[in-house]
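For reference, chains read A, B, C and D in written order, and residue numbers begin at 1 within each chain.
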């Protein structure tokens, strides 16, 4: 197996973000997509806490403690940015104004179901944030995650076992091993990460990968 | 009969506006209440088109064409004013944040029903504006009107014949002849305009006036 | 990202016959007069107009009504001081009218823009404007279920705009403009001043994500 | 009209045991740290806290959780980086938790402030967070009926305020503060700077009608 680095994975996702898009990047790995946007494209990133136009992280010492993104990182405003409150922020998300959201996931099912907010561990408090609003409102949901869990168990499933975030909402999944589209028939291979075979990736995937 | 002038009627209503209130003044006669506020009181007037803190009418030549009140008069902002859009404006009204609204009326019934938006003339297009939002959201609804119609027919009724604006919403009615509270038992006399007798006013009122 | 359009005619070109159009403004304030005139000049007809008022004199929405381009008006207050053409078309049965309480109108537009399926409001409960609508009583209080109000286009007027579509307003010209920008599928903004530099992010009232095109029209009402 | 209060202790004095309190902020931004500390010092307990997060480290809402003052948390994301005290109280069964999707949380608070009886949202339809709630399908899309979320108090943080209670915010510190100011029966604002002159009406984000008291607390997080 040859696994893409987090950075290479972010760069792969960034290739699919069209010029002029409005994009919400989820907490964790998706945050890094913006750093890899191909030259010549202008994209406005929305942060659910109230910023449209998330710019680069400021140099150390120049942070504004009240200017953060949804991952609680210090950021700067991009050219053309706007601040707003939570009701307007979620109107953008729920109302279909954002073009693309890139989210992390615990599990994705072959029908596009997404689980990324709660596990089956009752002692671990669930935390949903804006994920459920994004998946119902944003027309294109891209998922970005490791292909398998740390224990090797699959994350691309026939059916999610964890509580769902949204039903049939995922458009495409980017993992360190492959890119897969969600189609009415199930996962369809878009491409394999360099150095991997379909058989090897299928072996790490509960659902069937169509080609 | 001795009928109060419009100006004297506005002054009478103004006496009942407490210091520190948030008040919405309806189109027409109610607009003039603010000019008669007793000295020493500070009241913020809300105009439903997006201004909290309606100040005096500007001198001729100093009008700002984009600064008007709900009656479409040119106004100025009062000290402490704020501008906002229609959703916030009606949140203030519907959400119970405004203390008092002073409205005109076609008819008021003894149970507090108010009719002030449409007549029975089908050819005359109805126009409701913000009246229905005000009457459900503002705890104290004061009505200010002539006691009778131009043809002498009563406006204070047992039951409204015109389409209702709100059900049981009126707290008090100020006319050119009397001030009447709406109570569970019906209209109760607060005071007669100087020079009038209860019998004479009762004769111009369909509903019974309690004392 | 550059949403600026060279002139009013090009800005309204996407609007076709039969479209539903939200038009900002209250009384004479915040009305996109330039866009309305361009739409009228374009000859587009069979329009459903969603607005607070229905025009006054011979300007604004009255221009469209006079020219016979409006099939239906959805508004809270069609009779504004100086209004003539709405009354004429209405009396002749040439224009349909849906009267919506002003706060419900704003909230229905917002629900469309915010992706909500409807809301319960106490406004109009028990009145003629709630007839035929679903109602329910919660904790002794009556509510009417109101549906989102979508539109194909919104024509809005702002004081300042930039190439990202960010808008800010002046005084009470704000009124319905921000919520309509949010509620329509395609929002066209007429701005008094098109700024060469992006607006300060703190002063933006309508973020550019809600705006599809911006055109400068410096004339003040 | 003067809503200013001399110090934090006097500002939180009206809050009594068992109150429901909305607390502004997202992550470390826009949190009314001064008011929370004063509330903790006052000893008020049995609180229901409505907030996006449940504090981090030993500051903000974590202060109240550590001191055992919180009976219930209603929030979207209790686990924030550096959060310890929520987890301890939750694992020990000492605090109840209602998880609400972030947009639904904002919208429920807004519904309370705007006098609405509820709304239909597609968010959470078909998930565990919609269990037990009324749902309906409109035009093939599923919606959940959500109720308004009221509170006795809101503690908010703003950059600037004036004696009328008008507030403006800085950058992403705006977040939940404006909607919570609208949604609570009694809103207490901690402002970094209390202006001696009223704010410019164009720059006001929270009109003073939504604010009952204002106290200056210049410390920046």
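One rule holds for everything that comes next: a contact is a pair of C-beta atoms (placed from the backbone, for glycine too) under 8 Å apart; a residue touches a chain by one contact, two chains touch by 3 or more.
The shown structure was predicted, so the numbers you read here are calculated from the model rather than taken from an experiment.
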Next on the checklist: Counting hops between chains that touch, how far apart are chain A and chain B?
Outcome noted: 2
Item to check | Contact-richer chain pair (by C-beta pairs counted) among A-C and B-C | outcome: B-C
Checklist entry - Where the centres are mean C-alpha positions, what is the separation of chain A from chain C, in Å? => result 35
Checklist outcome for this item: The distance between the C-alpha centres of chain C and chain D, rounded to whole Å, is 33
Item to check | Euclidean distance of C-alpha centroids - chain A vs chain D, Å | outcome: 28
Checklist outcome for this item: Note: chain D residues in touch with at least two other chains are 107, 110, 114-116, 121-122, 170-171, 201-202
Item to check | Per-residue overlap in chain A, given as positions that touch at least 2 other chains | outcome: 51, 77, 83-84, 87, 90, 93-94, 136-137
Item to check | Chain pairs in mutual contact under the definition given at the outset | outcome: A-C, A-D, B-C, B-D, C-D
Item to check | List of chain B residues in touch with chain D within their complex | outcome: 20, 22, 42, 44, 46, 51-53, 77, 79-84, 87-88, 90-98, 136-137
Checklist entry - Which chain D residues qualify as touching chain B in the complex? => result 1, 110, 112-116, 162-164, 166, 182, 198-199, 201-202, 204, 207-210
Next on the checklist: With touch defined as at the start, can you tell me which chain A residues reach chain D in the complex?
Outcome noted: 47-51, 64-69, 72, 77, 83-87, 89-90, 93-94, 118, 123, 125-133, 136-137, 163-167
Item to check | In the complex with chain A, residue positions of chain D that touch it | outcome: 26-30, 52, 76-81, 86-87, 90-91, 97, 99-107, 110, 121-129, 169-179, 205, 220-221
Item to check | chain C-facing residues of chain D, complex | outcome: 107, 111, 114-122, 136, 138, 141, 143, 170-171, 201-203
